[in-house]
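I'd like to ask some things about the structure below.
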Amino acid sequence: MAALLRRSKNLFKQWNNHVDISLGPCRSMASKVQVGFIGLGNMGKPMAKNLLNNGYPLIATDIFPESCKELQGLGAQILDSPAEVAENVDRIITMLPSSPNVIDVYTGPNGILRKVRKGSLLIDSSTIDPSVSKEMAAAAEKMGAVFMDAPVSGGVGAASSGKLTFMVGGAKEEFAAAKELLSCMGSNVVYCGQVGTGQSAKICNNMLLAIGMIGTAETMNLGIRLGLDPKLLAKILNMSSGRCWSSDTYNPVPGVMEGVPSANNYQGGFGTTLMAKDLGLAQNTASNTKTPIPLGSLAHQIYRMMCARGYASKDFSSVFQFLREEESGQ
Amino acid sequence: MAALLRRSKNLFKQWNNHVDISLGPCRSMASKVQVGFIGLGNMGKPMAKNLLNNGYPLIATDIFPESCKELQGLGAQILDSPAEVAENVDRIITMLPSSPNVIDVYTGPNGILRKVRKGSLLIDSSTIDPSVSKEMAAAAEKMGAVFMDAPVSGGVGAASSGKLTFMVGGAKEEFAAAKELLSCMGSNVVYCGQVGTGQSAKICNNMLLAIGMIGTAETMNLGIRLGLDPKLLAKILNMSSGRCWSSDTYNPVPGVMEGVPSANNYQGGFGTTLMAKDLGLAQNTASNTKTPIPLGSLAHQIYRMMCARGYASKDFSSVFQFLREEESGQ
Amino acid sequence: MAALLRRSKNLFKQWNNHVDISLGPCRSMASKVQVGFIGLGNMGKPMAKNLLNNGYPLIATDIFPESCKELQGLGAQILDSPAEVAENVDRIITMLPSSPNVIDVYTGPNGILRKVRKGSLLIDSSTIDPSVSKEMAAAAEKMGAVFMDAPVSGGVGAASSGKLTFMVGGAKEEFAAAKELLSCMGSNVVYCGQVGTGQSAKICNNMLLAIGMIGTAETMNLGIRLGLDPKLLAKILNMSSGRCWSSDTYNPVPGVMEGVPSANNYQGGFGTTLMAKDLGLAQNTASNTKTPIPLGSLAHQIYRMMCARGYASKDFSSVFQFLREEESGQ
Amino acid sequence: MAALLRRSKNLFKQWNNHVDISLGPCRSMASKVQVGFIGLGNMGKPMAKNLLNNGYPLIATDIFPESCKELQGLGAQILDSPAEVAENVDRIITMLPSSPNVIDVYTGPNGILRKVRKGSLLIDSSTIDPSVSKEMAAAAEKMGAVFMDAPVSGGVGAASSGKLTFMVGGAKEEFAAAKELLSCMGSNVVYCGQVGTGQSAKICNNMLLAIGMIGTAETMNLGIRLGLDPKLLAKILNMSSGRCWSSDTYNPVPGVMEGVPSANNYQGGFGTTLMAKDLGLAQNTASNTKTPIPLGSLAHQIYRMMCARGYASKDFSSVFQFLREEESGQ
């Protein structure tokens, strides 16, 4: 029956697309099917709001009751556990901090898979180990459900404005249905391949990002000590082969750019501890696949040292500050 | 008198600019002052040709007689030593492999400074240690001449097509005169600050380039092992925060891009041994200024290990091949 | 009843110790209780032989039938699965390649815990992730059995001669019983603390060993290039603060010592791929505990690169060869 | 005539050795030749005192007048410059902070070589770049003098008690004469080979020391986090293949050993900034000889980061503290 529901829903979507194409994939005056949402943290809450704003009735849950209240005020129905959510919908999005949480929310005693409807589409936007994504997919398949991994790039700001990028892994024939929902929360929804490849793409990007950021911080610091003006050096790098996102979009040196964490004492942005977590995932997948990642490993260790030295909650571009000589007297 | 010559030359240039502005800074039907050129290697020879093509009479020398013949055939006058060149011109460009060569060509027994004319402008486009550039500038100043460092970015192709980027350090009031010549050989001529800052900018750029390249190679290799399609992964990185010159312009994975060394078995391009040399300069300047460069250091060591393992003459993007699992049977 | 058996056995042991003390802890003319042994590979087979030689009747199994035959010829009883072994004895030793094998042998469908007797003592001498040891201990406890981790240091030679070192984690009150068996196979049996600490001690030792070995290889190579005689340099290091096991006992430079793998083209010894595996475990435990291990991480990556470049089966001291300049012509 | 003096002195020494062998190489009731000593810092002053105590009349100088007074009180003659010292003796020992000081003291306008007597023996105990030692040796040879490098291992304590180790490079036929003096200040005097090899041996030892120390700190920190008792872990490492000088003689973990800097809040010992300097020398020699030193490089960078973060004057074993998690509240 769930499969039937899904089929009718898809027909419905086609009709929507037909009459309402100018409003984009998420807009429709017609009523929409209920969606479950589990994990209402800093990222999950604005994502859930965007689903509500796009007309999707929401059934949500979170271990922190206070996180649920705000969504309830906006019209979401709140239930007590993932299992109860799973009983009531056939599309669920999860957004959780780490692998153990995902394992618990899917396979724990009150987990989704205890009560999942056959034919349900389960989309996990957490950033976790791809091997856990594969395990969850296998467990879901046994229950007749479909699991996809769809981690995001972009922070709280992008989550609020619906401008996230989703990297999606899983059965290709389910991608259209996943994209319909994800498009309400993001501006880019990229299909990456089989289950786990969304996580893999995310992890790869963040590893290269970390390397580029530390490299930029080292380079800018060296150049400044050699007598170069930091703005001029950034300009030269950005017109040359040293150019990277960290040099041209998110420069870690205070005074070089505006509107980035380095212009605000490294407040906001993407915390060093989160980067260290993602690099831990990269290291794990590399160890498991016996892939050498010398710079990625060292980047992991540097962010780990920073966490040990008081930088855990600063933006990851604060590596510039970490490498720089301390002021006298310290 | 040399100063007088220079002054009259400048007036002459203004007149040229006035009547001939549409032809750009290097074009003029009027005759131009002689320029000295020392170092006719892979880079120096096409640079010298571009000066000839722009109407500058050339007096050149090189330790390899065969390198001189081709230039002689194009109309350059060949002399036996840097000192003899210096006796005959008041603008000299040098393009040499490394610091010891520069020290010898400037301060050796047959070096430029033995016979340099007062007021001469000496432009060194070699990539060397900035502290050597400063020493040369001090030695030139004692003889009444002006030394500027102007290393290039861009390889043999850019040298041939006159599209190099010059990063120039030295007295600001001499920059216009230097730019006049350098514009004949490059499309970007950037003033970086006092003597040595051209080298510093070059070294900084290449260090970040090396880090970005190894990082890209590690990331692409990891992603491929995790089941991602290399072209798709490159596309995702390039629209995300992992983006860098090595991922979007010079991707090291065969099959991802055309017209780059990875598409041609890592032939051509920028050799691993040259990158190792530049990273050695970066390491030296960092050691001397007590600047931590953890990723830059490790990048240096990786390129050094590659040189020891047979990659010395391959393009530096062959680090992808170095990190990748060998074929079975090996 | 198993507890009763164990108690009577302990009394028996005391009696043995009393009358037979000059023969050491493993020697006794009295008959001994049967011991189970699972995993008859390069290490497990000589270990099992030493138990036989010390008078312990053995019940053994291995997935490779040919590995079992030799033991059978020496008097061991061979059964088909770990579960069957567990049905018949109340002391079992396991020696397996990696974490997944241990999980399978203990908790798989034909695993030990399917048929384990209450009160059994299960000793795992595999080198695996300490968190897996903890999981196995918890699973064993549920079945009324006791699990201890007891990884070894020392290679095939030490296994054959009964000179292994065992690092043991688990309930302290069971250590004496474990030591009785382990003493037949090793000359050092060290109690490290709660379950998992045996693995932790092993992993820590091997991480420091890898760092010391690569460090020694780099240092010897640098010294040789600087004109020092390798034997003299080793002598100087060994009387100074650079001294380490890799410099004074297992020097990686051919010609410096005899009887080590470097004297035999890096044949035998401890394979690079095994070291890479142990460093992967170190990295995992460090990531999980958020511990920075910058040199340990880089050592891991270097051994990983060596595996990718054809050094997988050479002794881990071949890192000297890996770092050294290749012969001309290559 | 200086050569004659040296020859007669050598005869004299032989006679001493003959009649006075039980007193060791430094003891003699006969009067001894004057020795010059330049550089009366933390190390130089106690070294000079030991020469005085062994009966050598001393002529000394230092740029800091206060450093000279104490020696003057003990009977040394103080002169104004290295040149003046060189005029008056034919054996000189120098003990200076770094390469530029050595260059200045030997080849500067008031340097030794301005006034050096023919046949003089010049022994430099500074730790500097071996290539500078070679330059000094070449410059000395032009003046008819002999230069040897003889850097020390052992700190201020060993300097005071005359227990330093000297690693000596230079002409073998001069080693006996050098050893006669050096034996008054050290318990080990090792001949390493041609000029510069003393420095090379010293640099190699300290690089391996730094690697071993950071490795020990990482390993101990990881083990402690995994639940191992630090003393027990140290004991296990020291009886296993992880053993090194830093684990068994100078353990960096407070509470493991007494009488080492880790037992005294990392006061005293060998400062992080000095280790960073020696690693800079190792890096320079490795870059110059194109030798890969991946762990040595990273060790250099870690000590450099520590200097930037306030550890410059702490003992180099404080890397344990640097890597360890900060206390809460920081």
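For the reader, a short list of remarks on this structure follows.
Just so it is clear, A, B, C and D label the chains in written order, and each chain counts residues from 1 on its own.
The definition used in the following text is that a contact is a pair of C-beta atoms (placed from the backbone, for glycine too) under 8 Å apart; a residue touches a chain by one contact, two chains touch by 3 or more.
Since the structure is predicted, the reported quantities are computational estimates derived from the model, not experimental observations.
Touch-path distance (fewest steps) from chain B to chain D is 1. Chain centres here are C-alpha means, and the one lying farthest from chain B is C. Our note on geometry: chain A versus chain C, Cα centroid distance of 41 Å, whole angstroms.
The distance from the centre of chain A to the centre of chain D, each centre being the mean of the chain's C-alpha atoms, comes to 55 Å.
Under the contact definition stated at the top, the residues of chain C that touch 2 or more other chains are 290-294, 298, 302, 305, 308, 323, 325.
Residues of chain B touching chain A in their complex: 130, 153, 165, 167, 188, 190, 192-194, 196-197, 200-201, 203-209, 211-212, 214-216, 218-223, 225-229, 232-233, 236-237, 239-247, 249-250, 282, 285-286, 289-296, 298-299, 302, 323, 325.
Taken together, the chain D residues at the contact with chain B in this complex read 276, 280, 283-284, 287, 290-294, 297-298, 300-302, 304-305, 307-308.
Within the complex formed with chain C, the residues of chain B that make contact are 298, 305, 308-310, 322-326, 330.
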